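Below are structures written as structure tokens.
The same subunit A turns up in both complexes below, where it pairs with subunit B and then with subunit C.
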Partner chain A sequence: MMRLPTLAGEWIDRTRTVTFTFESEPVTGYEGDTISTALAAGGARVFGRSFKYHRPRGFLSFANHDVNVMTQVESVGRSIPNVRGDVEAPIAHSKVTAVNTRGGLKNDRYAFLNRLSTFLPVGFYYKAFHSKRLFPTWERLFRRITGLGTVDLEASHRSTPKRYDFCDVLVIGAGPAGLSAALAAASTGADVLLVDENRALGGSGLYARAGTESVLAKTETLVRAVLAEPRIRVLLSSFASGYYADHWVSVIAPEAMVKVRARSVVIAQGAYEQPCVFRGNDLPGVMLASAAQRLLYRFSVAPARRIAVLTANAEGYAAALDAKSRGLEVAAVLDLRATPGPDSADLMAQLSQQGIRVITDVKPIEAVAGRDGSVARLRYRVGGSEEAIAVDGVWMSVGFAPASAFLHQAGATMRYESSIEQFVPERLPAGLYACGKVAGAYDLAARIADGERAGRQAVSALGSVDALPVAPVMPVRECPNHPYPVFAHLAGKEFVDFDEDLQIKDIENACQEGFDSTELLKRYSTMGMGPSQGKHSNLNALRILAAWRGDAMGAHALTTSRPMFHPVPMAHLAGRGFMPERKTPMDADHARLGAVWMPAANWRRPEYYAVPDVSREAAITAEVHAVRNGVGLIDVGTLGKIEAHGARAGEFLDRIYTARYSNLKVGMTRYGLMLDESGVIIDDGVIARLTPECFYFTTTTGNSATLFREFGRLATWWGIPVGLVNLTGHYAAFNLAGPQSRAVLSQLTDMDLSDAAFPYLAVREGLVAGVPCRLMRVGFVGELGYEIHLPFEFGSELWRAVLQAGQGHGIRPFGVEAQRMLRLEKGHVIIGQDTDGVTNALEIDAPWAIKMDKAFFIGQRSLAVLAKQPLRQTLVGFQMPLGVTERPKECHLIIEQGRIAGRVTSVGFSPTLGRVIGLALVDPTVAHQSHLRVRREAGVEASLEVTSHPFYDPAGARQKMELAS
Partner chain B sequence: MKIMTCPINGPRLISEFAYAGELKEMPDPTQVSDEQWADYVFNKNGPAGIKREWWCHTASGVWFIAERDTTRDVIMRTYLYQAEVALT
Partner chain C sequence: MSGLTSLSRRSPIEAWIDQAAEGSQLRQGMPQPLRLRSTAAQGTAVTLTEVSWHRRLGLKGPNAEAWLVAHGLAPAPSANTWQRANGALVGRLATSEFLVEAMESSAQVAVAAAAAELYATDRPQGVYPVVRHDLVLRLQGPKLNELLRQICGVNFQPLLSQASAEQGPLLMTSMIGASVVVVPVRGTAGAELILWVDPSFAMYFWTTLLQVAAEIGGGVLLDPSNEV
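What follows is the complex of A and B.
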């Protein structure tokens, strides 16, 4: 057992155990353990296999970057892939296995790949896939061999709520600098949110103790002050995953994503300890010193019995003292430097008191594995001779890389500060502050002072769009970072990137092959592209790149960091789709009548009403016949419905539509065509004048919201005082159409429906079945018809009343398909179908709707220009011979003399006329031809007979009832 | 997500706003040549810098002008058209 004696403040609860299996072996840990610590406490050293060479791996960072220790966790019906053993707690009774093995962790059959590393050069995928012929072979092979966890396709749905939070100052990172920043900000009265990925406040102050109580005591004082401060709220076990515009930060809490809106953000995320690059630096037992310290103090687990500390800073000396104080044997402190700095010298005195020898000017040669595959010996060179030391643990403490991903995401720039061999902030965007190790402050007192400075600044400049100058880097007595902790070995296996198994030669070969800039190197070698995103590899790779090119470190920037900071479960990212589907008040009535639905913008509308044992075509045909010969009823409530009020409302509409409305008589309606400034048709509708100062008008379904909004802008821009009310959702509307419509309506109302009292194109307000309605007598489908608009709450009631009244007249509800055919028979143009984004008003041949003699309307000036030019296209009607049912489809091309001369825009079989009819937008030079050729598919052409349109009742007599009356 | 300040409703999420292009006063259609008119209709001002644009707070229907520095992605200020532009 490697579990150490109980320590105050440890994160485990020794009164409660957790049992699970790892690779089928039972494991018992304590409540509070992670998967890795439970395994390590039992003496295990190997927790996973590396990605490429399938080398056995153990702890490296123990800080959520141990990518080689990812597991698949199966627990009561769920199988969760890629669970990080270093930070995730084991689920009781779960079945845990290492990912990326074939045949288990111990006897991974892909372990032979380790010996094939010579044949897996950098850029291997690019090279392998270069051959088209071999592509499929390689693909099949790689798909079988590569990959991590297994996605559970049967996983049940789990709800992942989103929460929202707001604060003045968001502090990310609760180490000494972050704690101090939070306190300073709160002391000025600011509302502070403090977020940390760990489960306790204190950061490295809890474990980088140098074997004494003083660091811990100072940290705990800060923690107590933070917990006592009511203006600081603390969010633990939660990591900030992404930084977005205006201090909008996503925080992944255990069960929810929290979207935090801060007014300013303090980044106190510290620094990632970096590995020393030497042969065998990936052997189980070789780890970062800070990883070992976390194990010693948080989980009371000894990762080794006898260790050597390979160091280049005072932090390594401190780690040796921590090891000693927790009862481990420290074989030696091996310092890469010839002369340790002043902080190290102070600690060296303590080490020698405890009988620990320090050897300086050391160059590691290799870590050698013992029989169990974990480290047994460290070979190094000192003073020209080779030495070896027998250990079961090597702790690396050679320097840090700032945790600057968030700074990059927020748009900060970094510069290389050679006095500490580290990138530090150069320019920070407004409202963003950095403090502590990420800003180059290492000494505890310096970190606390730096945090205080950042906390104060974060409040002082709240709301300013200008950035404050970046604070100077706090002075250090001793450089914490080795400038080049890289030691090549002829036999390689000195790992730079542990996610992707990249060695020194891979980086150098990539440079040699021309990929010698950071962004190219990354993509070619996959350096930093693994799940830890280069947190422990980018810096060393950059050093190797700079050395290879002979450049100074500052000459190359780190690669761009983007969200997410750590991998985030997809469940947190998946949103609940917010795509509201609008329903008219008669929706339930349609459903009862057998409606088959179709989408119309964000509404659903009946396409047609299904009839048992009758085909779709036959049902639609019956609906068309009902309207032409009897009476039909259609829900048109999806139309945009707008009121314009005011003395100048008519003038306003004159400017918006092509026709004139200021002279429209009260009680009458007029068709309206709307253009954009270039003369292109964008919408149409019917405008009714209810009173001298009130117009009521419709827009097409899809455009209602944007047009209503645009009307508001135009009124503002033009300075025309007009009150606009969007009644689209407030009003239901349906169209009662057909020769019998008046007879049906007259049963429900006392209004005078005679042609004299209620002529064609008139609008009237009155009661229908006791409901206050607006009735418009419009030509909609070319029959006598009434469009009835009424408050939505009466919609369903009146719909049913009308259907009831129409029973004796064979009334039939009809859907969008029948409506389209009825309107096509009348040659009515559908804006957006028979026109497109460049069709101008002259091209649809509707001069009656365009009043060029008005003072102004949108598009008028452009039409004046266009009128001087030949037409680019024109709309023609066509029909096919009787009996021909094979018809072209919309968008089929008109081909004349081998070139495209237009396209079909609407087409259908007209039940009324008994033949296929349609509209086409064609080149004006072919519009006069008697026939056009349409290509239905390659090699299949058909002849269309050009005909005038409307196809049916061209004089419009039926809608005016001149024949029927 | 960015925040925009509606002159009437105060700071709100940018998702509540709609954009309607650059503020560009229309020349008198009766006074300009066809070429000048086409320039007004089709040519937009491209270079990055401070832009004056039409924006709408869609929830309330308030239209206003926003000045944005597109080089820094900063909304400099927002104000009502009728309060400032229309008067000048």
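What follows is the complex of A and C.
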């Protein structure tokens, strides 16, 4: 067992155990353990296989980005890929396996790839596998032998509600600097939100103790003060994942994403410890010293029994003291420097008192694996001779990289500060502050002071758009970073990027091949593109790049950092699915009548009304027959419904639509066709004049909101004082159509419905069943009909009243499909179906709707130009012989002499005419032909007879009711 | 013509009411439920009360403000604010666009009469009636802000803490994908929000909001007032 004795403040609850299996072996941990600490406590050293060479791996950073411990977790019917074992708690009774193995972790059949590494240099796939014929084969192979977890395609949807949060000051990172910043900001009265990815406040102040209680005590004092401060809210186990404009920060909490809007942001995320690059630095047992310290103090796990600390800073000496204080044997401290700094010297004395030897000016040669594959010896060179030391753990403490991702995302610039061999902020945008290690402050007192400075600045500048000067780097007694902790070996396997298995030679080869800038190097080598996104590799790669080019470190910048900071579950990103859906007031009535729904923009409409034991086609046919021969009722409330008020409202509409409305008589309607500036048709509707200064008009369903906004913009642009009112949602509308419609309606109103008093295309306002309504006699479906518009809150009641009144006339509700056929029989176009994104007004053969003699309308100038040119396409009608029911579909192509000459836009079997009819947009050169060929599925062609349209009642007698009169 | 001259107003969430409530009384001509069925969420952490039955009107135009003043419904002086006038909430949505909601019994009749005059076919000059059949909700409860943080990107906390019974800010924003007019009001039980939602979004908005509210211990509260 590697579990250490109980320690106050440890994160595990030893009274409660959790059992699960790892690679089919039973594992028991405590509540509070992560997957990897539970494994390590049981003595495990190997947790996963590397991405490319399938090398055995153990702990590296243990800091929320440890790719070596990526697992697949199966629990209660769910299989969750890429669970990070270094931070995720084991689920009781779950089955955990390492990702990216074939045959299991111990016996991974792809382990042979490690021996082929010579043949797999950087970018090898670009050079070797570009054959178009073989590429799919190689791609499948690579996908099989590399990669991470397996997505469970059957996984059920997880609802993870997003939420917003707001604060004056957002502090990201709750180490000593962040705690201090939060306290300073709150002390001035600011509302502070403090976010940390760990489950407890304190950061490195809880585990980087140097074997004493001093650092811990100071940190705990800060923690207590924060918890006692009511103006500080704390979000733990939550990490900021992205920084967006105006201080928007996405925070990933355990079960949800929180979108935080802050007035100021303090970045106190500290620094990532960086590995020393030497042969075998990836062997299980070789890890960052801070990882080991976290294991010792948070989880009471000893990752080794006898260790060597490979260091170049005082933090390494402190880690050695921590190891000793927790009962581990420290074989030696191996310092890369010839002369340790003053802080190290202080600690060296303590080490000496405890019998720990310190060897300086060390150059590591390699870590050597034992029988179990984990580290057994460390070979190094000192004073011109080679030495070796037997250990089962090597802790690396050679420096840090600032956690500056959000500074980059916010637009900060960084500079290389040679006194501490680190990038530090050079210029910060307004409202953004950095403190602690990320800003170059390492000493505990310095970090606390720096945090206090940042917290106060964050409050003092609230609401300011000007950036404050960046605080100077706090002076340090000892540089915390080695300038070049990279030690090449002739046999390679000195890993720079552990995610992608990149070695020193890979970086150098990429440079040699011309990819010698940070961004090119990243893309060619995949450096920093693994799950940890370069947190432990980018800095060393940059050092190698700079050295290869002979440049100073400051000559190169780190690669651009983009969200997400840590991997984010897709469920968090998706969040709770809000799908706004609009319904007319008759929605429940339609459901009761058996509506089969179809989407129409963000509304739902009845496609048709299902009838038991009757097919869809038969039900639609019956609805068409009802309208043609009796009476039908359709909900058209989804149409846009807009009013235009004012003395110049007619002039306004004259400019919007192609026809003229300033001369429209009160009480009449007129069709409206709307174009864009290029003459392309974008919408249509019916415009009614209710009073001399009030027009009421409709738009298509999908365009109402967009057009209403555009009308407002145009009114302002043109300087026409018109009052626009959008009634779309507040008005219901239905169309009562058919020869019997007048008879039905007359039962519900005292209005004079006669042709003389209420002619075709007239509009009237009056009471229907006591409800104030607007009635328009329009003929979209080609029969006598009344489009009834009324207040939303009476829609359902009046719908039912009309159906009741129509019972004696065989009234039938009809849906969108029947309406489409009815209008097709009339040859009426549907904008967006019979037209497309390039169809202009001249191409649909509707000259009656276009008044080119007007002073202006949108698209007029383009039409004038287009009128002088040959038409690009034109709309024709077609029919198929009687008895032919096999018909083309919409968008099937018209083929003429082997070339595409058009497409079908509308087609259907007309119950009224007993044959297939349709419309097609075709090349004008074929429009005059008697027949066209259409290519249906599987290349089958059919003949279409070109015919005039409307197909039904071409004179429009029925909608005008001339037959009846 | 038949005797169908007394159709009642209908709530925009009538379909939900039919399933989740029972009993009925007419309030300003709109049937309102008397009791909730046991299946309806009835938590109290945050409560949703539908008051669409209130009488209301909307108007805009150069003479709209004068028309309101003449009808005893003087609006607040600046855009995006509201104030109480003779038992009604008068919101100024823009420089010359207004929303009037009868908040007290005494105002229902007056607002109904004003609306009838406004919406008549004989329209006043320079006054453009805006028909409003909104879903109107009152939201309140200790977890109101928690609910709001899940449905809207606006920080309502300071608005709620400063809410007044007589006047205050008015917001037009988006919640769960639907446009809303929002007014923070100090009610008898503390700060609350009144929302106006396009009725075509009503069922979506209500059911979604109720689902979110229920997850945090909230539910439906039938309008406890005795107004009719």
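Note that the second predicted complex is superposed on the first by the 616 of 965 C-alpha atoms of A that agree within 3 Å, B and C clash if a C-alpha of one lies under 4 Å from a C-alpha of the other, contacts with A are read in each partner's own complex, and residues count from 1 in each chain.
Please note the rule applied: a residue touches a chain if its C-beta (ideal position, glycine included) is under 8 Å from a C-beta of that chain, and two chains touch if they have at least 3 such contacts.
Keep in mind the model is a prediction, meaning the values are calculated, not measured.
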Going by the contact rule set out at the top, does A:Lys132 touch subunit B (first), subunit C (second), both, or neither?
neither
Given the touch rule stated above, what does A:Arg713 touch, subunit B (first), subunit C (second), both, or neither?
first
Contact-wise, after the overlay, does A:Arg371 reach subunit B, subunit C, both or neither (first, second, both, neither)?
neither
Taking the superposition as given, does A:Arg143 touch the first partner, subunit B, the second, subunit C, both, or neither?
neither
Name the contact category of A:Tyr244: first (subunit B only), second (subunit C only), both, or neither.
first
Does subunit C touch more residues of subunit A than subunit B does, or is it the other way round?
C
On the A-aligned overlay, A:His730 touches which partner chain: subunit B = first, subunit C = second, or both, or neither?
second
Do any residues of subunit A touch both subunit B and subunit C, and if so, which are they?
261
Complex contacts: residues of subunit A adjacent to subunit B:
244-246, 248, 261, 465, 677-678, 708-710, 712-713, 716-717, 719, 856, 860-862, 865, 868
Complex contact set, residues of subunit C against subunit A
1-2, 4-12, 14-15, 18, 30, 60-62, 119, 121, 123, 128-134, 146, 149-150, 152-153, 155, 157, 176-178, 198-205, 208, 212, 215
What part of subunit A is in contact with subunit C in the complex they form?
161-166, 259, 261, 576, 578-585, 587-588, 603, 637, 643, 645, 690-691, 694, 721, 723, 725, 727-731, 746-750, 765, 767, 769-772, 791-798, 801, 805
In the complex, go through subunit B and note every residue touching subunit A.
1-3, 14, 18, 20, 29, 32, 34, 37-38, 40-42, 54, 56, 58, 61, 63, 73-74, 76, 81-82, 86
